[in-house]
Amino acid sequence: MNVVLWIIFLPIILFVIGTFMLGYSRKFIARIERRYGPPIQQVFYDIFKLMNKKTNISHGWMHDIAILMLLGGTLLTMYFVPVPGFHFFAQYGDMLVIMYILLIPALGMALGVGETANPNGSIGISRALMMLAGYDIPFVLTFIGFAMINHTTSMYDLMLAQQAGGIAGWGLISQPLLGIAALIALQGMLGEKPFEVMVAPHEIATGPMTEMGGKYLGIMMIQHAIGIVVELTIYINLFLGGAVNWFEYIVKLFVLFTMLLSVNAVFGRFRTDDAVRFMWKIPLPLAIIGILFIIF
Amino acid sequence: MVNPILLIIVPLGTAFLISLTASFLKNSTKYLALLAMIANVWVSIKLLPEVMQHSINVVIAGVKPPLGINLFVGPSGAVFSILISAAGLLILLYSFKYIEGDSQHKYYTLFLLLITGSHGMVLTGDVFNLFVFFEILAISSYILVGYEGKRNGLEAAVKYLILGSIGSVLILVAVALIYQEAGTLNMADLADKFGMIDPSKRLMILVFFITGMGVEAAVFPLNSWLPDAHSSAPSSISAMLSGFVIEVALIVIVKFVYSIFAMTEILGFLSLVAVITLLVGEFAAFKQANIKRVLAYSSIGQIGLILFAMSLNSTGGINAGLMQIVNHTASKSILFLVAGFLIVRTGSYQISDYRGIAKKMPVSAFFFVIGVLSLLGVPPFFGFFSKLAIIIAALHTGSIFNTVMVFLVLLGTVIESIYFLRIIQVMYNRDGIVDSVKEAPFLPLLAIAAFAVVILAGFLVLPQITGYTGGVASEIVRKMQMAQVF
Amino acid sequence: MEYAKENSIIEMMQTEFPEAHFTVKKERRIEVKMPSGRLYDFAVRMQKKWNFLHLSAISCVDWIDDGEFELVYHFWNYDEKVLVMAKIRIPREEEGDSHFETISNLWQPAKFFERDIHEMFGVYFDGSEDMERFILTDWTGPPPMRKDFITREFALNFYHYREYEPQWLKDMMAAGEGNE
Amino acid sequence: MSIVLNLLSIALAGVVLNVLFSKSKIVQKYVSLLIFAGLTYFSFVMYSQVGEHFDFPFQIAGQSIGFTITWLNYYFGIMITGITLLTVIFSLKYMEGKDGSTHYYTVLSLKTFGMLGVIFSSDLITFFVFWEIMSWSTFGLMSTGGKDAPKSAFKYFVFAITASMILMAGVVLSYSLFGSFDFAVIHDKIGSLSLPMTGFLLSIFIVSFSVESAVFPVHSWLPDGYSNTFTTFTAYLSGISTRIGIYGIILFLFGIFGIQTVDKLSIIGKINFRYVFGVFAALTMVVPTFTALYQHDAKKLIAWHSVGQGGYMLIGLASGSALGIAGGMFHVLNHMAYVVLIVFAIAAVEHRTGTTNLNKLGGLIKKMPVSYLALLFGIIGLAGLPPMNGFVSKWFIYRALILGGYPFLAIAAVIGTLGTILSVYKLIHNMFLGQLPERYNNVKEVGFSMQLPMWILMIVVLGLGIFPGAAMGLIAKIQVALGLTAVPYSLHGIQTASGQLNMLVVSAVFIGGIFVTWIIYLLGSRRKHVSQYNNYAAGNFLDKKVAYNFNYEFYAAMEHVIDPYRKKIIQRTEQGIAGLTDAVSEYIRRIYTGMINTYGIYVITAFIVTIIILKELI
Amino acid sequence: MDEKLTQRSVWEKIAAKLSKRSLWMLHYCTGCGAIELPPTMTARFDMERFGINPMVTPRQADILLITGYLSVKTLKRVVLTYEQMQAPKYVVGFGSCTINGGMYWNSYATMKSLDRYIPVETYIAGCMPRPEAIIHSFNELIAKIDRGEANSWKDYYKNYDFYRKNQEHTFEGPIETYNDIKADAALFRI
């Protein structure tokens, strides 16, 4: 019975956590810029206003289906990532499945933005896909390293293996190289500042979101909120030993998010090929050396 | 029991008859030649079943060997005579339409002399007699090469003449040495006595004979006459030259090395020379633009392949070599005959001028493709079985040397398929520019079709063919004894 | 002889253009008045012979009383560092464009100076490649720089000017705070 | 045994009838349709006769030759006949009006005849005979259909003839080693061979099959060859023709040599034959997919991808674990389904717009929705995303590589996938998304006869994605037949001890997620459809004349990153070899100088040399 | 904006209260007022406190800020951008140039009053008002939204002909913005 409850309430819980985290991030960056910054619940207001818009511009049926694919894909990933107290679906699909499901929202958005027939959108998507190629390789390499140690590709078993060893068992501690490489790749995955070239407002008018307005942009923000929580949870499950209760989980979420935000607040924006070169010059060799340690 | 001597006398007689009656028979002399060839084919077919049981020995003019001249007709003699007479007949049919002009009778007399020479070389049992027929063969082919009277034809004929005469001088010296050492000219007798001759003398005989016959058999260093001769001779003649004249010379060398001199230890050297000939032939043909020269070089390549098969010192090898000879005679004749009318119709030797000719001459282009496919050894055609047999024979010996040679042979086939394919692609090119061209006349196409039938139906009658060639191979391998002759 | 350089230049030009009237306005500034027909030849010599490579501007003055437009061509010489202002008068048409020949085949920038003058004054330069409007693209009124064009009156009618008496301003004025 | 004979005789009848009716196009079309329908029917019905053997009446070199049916060639048989039927249905309309269509149908049936012969052969001779027929007919058709088709077909031919010569050497070598051509006999006697000789023989066969299935170093013929001919023929080629090489590799690696003998060939510790083969497969995955980024012609891009996907199949087989081999074999079927679907969509676009140049197309989704859907299903399958079948076989391959302890091969697979996603999005974006140029305003969707194959393949791609069990049953039978351990499978995925994949649950949750999003979507007010010219352009007015698309150099930044590493080693080595043969042939041609005195010197030197050599020999 | 506001439902009141807290401003710097925006956004005056963020595209913006004079060419683009924005949208006229032409009152090239071409929500007087004035006007706007009076965008649909006539009078001819205003009016049941 509680599985059904979890299925209904998990999206709402994660949406709320995600939106508060986004609000917190805007306040955090405002504080760094010595200004008050919007209230914590600002993102709720934004999402509400967007959903309440009277006109919603759509460029074709694919534009709408893409929005469904976008949030639908993220919800799918959310259910498959184990969260404290709920890992019912984890048995049906392992980390490989999660790694591929992560790409469905990206492809959905890409198709929708393509349909809007705006070159700014297309440039944004081509940059986003190039960034994807950049950060995804080190991230998957770190996962492969762990899967080889524990001879399993299921994320839930990896989490249990880490919890068995206490703090020392955490991925970040036992395999520091893989942990750091994955952290840098995570920065790219969340689209934080140094790797934010796909939504650069000044150059390509917020890239993919150029033609998205009204409820389309609202759903994209919902997806962004849930997506951030899901990607952070993946990192936590693989490297920070997962979470036993919700309090530990939220603390880890916010600590990790603050680390990423502090990097975001300080850095400018990489050009696309510099970002890809950075991703293939720093985290990738780190991960490869990490794997070599594991093999020999 | 029909007397094999007819195979030589009939063409010789008709040749002189034609030159006599040329003045009033004018252009109808060719029908006389046709009769002679038909007679030859009939005789050789009749001979074959008898010869398979026991070889026939015919004494000429009553004088018994070792003094008199005798014909020793074994399975090799019979098989080759069928090959020569059948190919000769078809090429004769082809040249009815191909050779015009009033001096036809000269062409047909020389044609028949060529046939006589080749029959003689294959059937004779006497070394000197072999030299005589070799001379007839060589001289008639010199003149035929220069028949068209154009400048490059004559020049090629002169070159062929000079080299050919060097070759015949060498053979003459060899015959003289044989007579001086072994005291006999009869092959069977020579085979018995050859062992007793002291080694240095034997070496000299061997070298003289092989080099002399090698010039005619187009082995690598000695075949420099072949490209010019074949490319400037009339196509029917070059079809005959590379069809069976070279093979006849080759089989004579092989017969001497195996059954008469019985010097099987030089086979390693022969196979090495063979592979060099193959590679030289293929690579030289790679860059050719003139279609006749391409076919000439490819003949050199095929000769190398046949010689390699023959010098494997096993009946399987010789059997495979013989099958390859049959395949080469059929497919190379098709290619030369088709090329003949390509040149006549388009008036140029350059391959690039045949762009899109398949639309205008579909039947000859189709036969050209079949000829090429069979030559390369593509499965459904006869060439595949012969090439397969060669490689099986080579690999059966198991020696590393042969495996390396097999890979070189395969490389040669790859090169060969590339340059032949380039020709086919030009012919079947879509945007053809050749428009004023008509299809070749019916009779030559019929002749080409007959050759094609041999290739296409080859695998149906495969057991019979391998049976005959097997007989020839076993005859060659066994040392010739005097007893056989009587 | 304080303007030695300028006078030497004037002599040089005077020989070729006797009917032109040269005056030295001040140090490194020469003014030339000439009949409009002779201008093209003058411009060709300036560029090819006398090394005045730079045409910095073509300006137009609307002498409405004389009924003429005055076109002023400003030529610069990099070596001598002297500016020559060639002034010519062309008749001024009331309606439609008044015409003059183009020198854009000698100098590239002339294209834009001529387009600008055509837009603002209505002088059509024959032979120029492109006489389209490019500043006042949506302009429907007469050429605005002409003397007979009263901008104030045009602006009020065309854009329906209205005074701005907002309520808060009236209250403030009534309370007397506005003007201390 | 009559089934195989029926198959081959029908295919041969196809060839003959096509030649006979070459004059009237209509009769030829429907005759070939009938022929291939018959072929498909018989190949599906054949499962009852698996295991039978049939011998030809005559022998070659004393060995009997013939056909046999095993589960492996039943599996490939279905694929060949199925795809040929779909291709013919598609090309009924596509080939209208194109010159060379008579040639097309004849050679297509000849090629099917060759391929069926190859997969059903039970000995090396039949295998080689039908292999030659197949490669010659591929060459025949590949040289028509495009303006520089002959050149690329010639390049294919050079590779193919070299491969078949190597194969011939292998056939005869094994005959001389084992005394028989028959696969079963060789399989029994393989153990008796010395290790280096087995290695040599195995590498001969693997090299000749790698040329046909375009493994890394010898793949450069495929992109030009496949993209310059008729597009429907490209579909047929990249769908199944290159996979006959994979069939050969499976047959020889597992069927004849057996996994045990292959594992014995180890050089140092883990680095055994399979690992070396895996490295080549990894290179085949990575290099072509990133070259595909550069292409701006749709057919070339897909041709490069069919090379890349071939790498996935090979790495699955090279992993050696039951899961990996099952993944490799399953990927053959998946790849066939989605790549043919993609090329059909490209053919539909080419049929309507006349071009496949990605820089000129755009916005066709508004005019050709069905082709868009087909391409979408295809690229999701090609990229290997969950709901489609590509994901399942890639998942098998990944797990096999990771758990088998090959991390760097797994990484090559990941890099390959990402390269695929990038270039595959460029394909669908440049063709169907973005602004619709003015000249394609009156383009219509393709007719029913072209849509039918697309719909069928879409159902196959989605069906296999959600219920992989349908094909896994056949693959398990093959694995058992080849003596490998079968993979425990169920209708919707696999259940192994160390992990479970349930595609049904994944798809169900995805549909659930979409439903929830649809509800949120309905919360907002109604959507307002706008035309493509009502777009944000920083305040400028869009008009029909200006092409407001971002198609040209879609991944410029990635090209900057990759360019330094693209040394074009392959092209340079090829030019080198070609130059070498030319130089050698030029040098040798110069031997025949044409002056008589040189010929004289040749004869004399030959004479002296023979004397010297023969003196030692005697 | 003169007739009495119809009675708003409870849901609309709540919606107004929530959506007033998040207004996105189209950073469209047309005139010299644009230089006043950065100070209002950054540390000293920080308009983000009120949930007002600068956005780049009209699709995502609620507030269209016309900062200063508008030449005829720029006016044409402003009308296009306005029509591309998504309702409910509020135009803020910035500086005296938008009210009655300001310093360029007698220029032939600049438009004199903005609300003849697009409905304007609030005006900010001043020849470049200071950030405090901008913040004040934004708060004024937020209060209007809260009271539900900020419906000037409906006015564009109600008397579209008036605006259309003025626009065509100023420009050389009708401009093609691919927006069917009449259909939209029916959509919003105005």
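The chains carry the letters A, B, C, D and E, assigned in the order they are written, with residues numbered from 1 in each.
FYI, a contact is a pair of C-beta atoms (placed from the backbone, for glycine too) under 8 Å apart; a residue touches a chain by one contact, two chains touch by 3 or more.
Computed from a predicted model, the values in this text were never measured in an experiment.
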Co-neighbours of chain B and chain D resolve to none
Reaching chain B from chain A through chains that touch each other, fewest steps: 2
Of all chain pairs, which one counts the most C-beta contacts? A-D
Max Cα-centre separation from chain D goes to chain C
Name the chain whose C-alpha centroid is farthest from the C-alpha centroid of chain E. B
Determine the centre-to-centre distance between chain A and chain D, using the mean Cα coordinates as centres, and give it in whole Å. 36
Cα centroid separation between chain C and chain D, in whole Å? 73
Between chain E and chain D, distance of the C-alpha-averaged centres to the nearest whole Å: 60
Chain-centre distance (mean CA atoms) for chain B and chain C, in whole Å, is 99
Where in chain C do residues touch two or more of the other chains? none
Enumerate the residues of chain E that touch no fewer than two other chains. 57, 59, 184, 187
So which stretches of chain A touch two or more other chains? 52-57, 205, 210-211, 214
So which chains actually touch one another? I want all the pairs, not just one. A-D, A-E, B-D, C-E, D-E
Okay, in this complex, where on chain A does chain D touch? 11, 51-62, 64, 67-76, 79-80, 89, 91-94, 96-97, 100-101, 103-104, 107, 110-111, 114-120, 122-123, 125-127, 129-130, 132-133, 136-137, 140-141, 144-145, 147-148, 151-154, 205, 210-211, 214-215, 218-219, 222, 271-273, 276-277, 280, 291, 294-295
Complex contact set, residues of chain E against chain A: 15, 18-19, 21-24, 42-44, 46, 48-49, 51, 55-57, 59-60, 62, 86-88, 184, 187-188
Sites on chain E touched by chain C in the complex: 72-73, 76, 96, 99-101, 105-109, 111-113, 116, 125, 170-172
Chain E contacts chain D in the complex at 28, 57-59, 77-78, 80-81, 84, 175-179, 184, 187
Using the touch rule from the top, collect the residues of chain D that touch chain B in their complex. 58, 60-61, 99-100, 128-129, 132-133, 136, 143-144, 150, 153-154, 157-158, 161-162, 165-166, 168-169, 172-173, 175-176, 581-582, 584-586, 588-589, 591-592, 594, 596, 598-600, 602-603, 605-607, 609-611, 613-615, 617-618
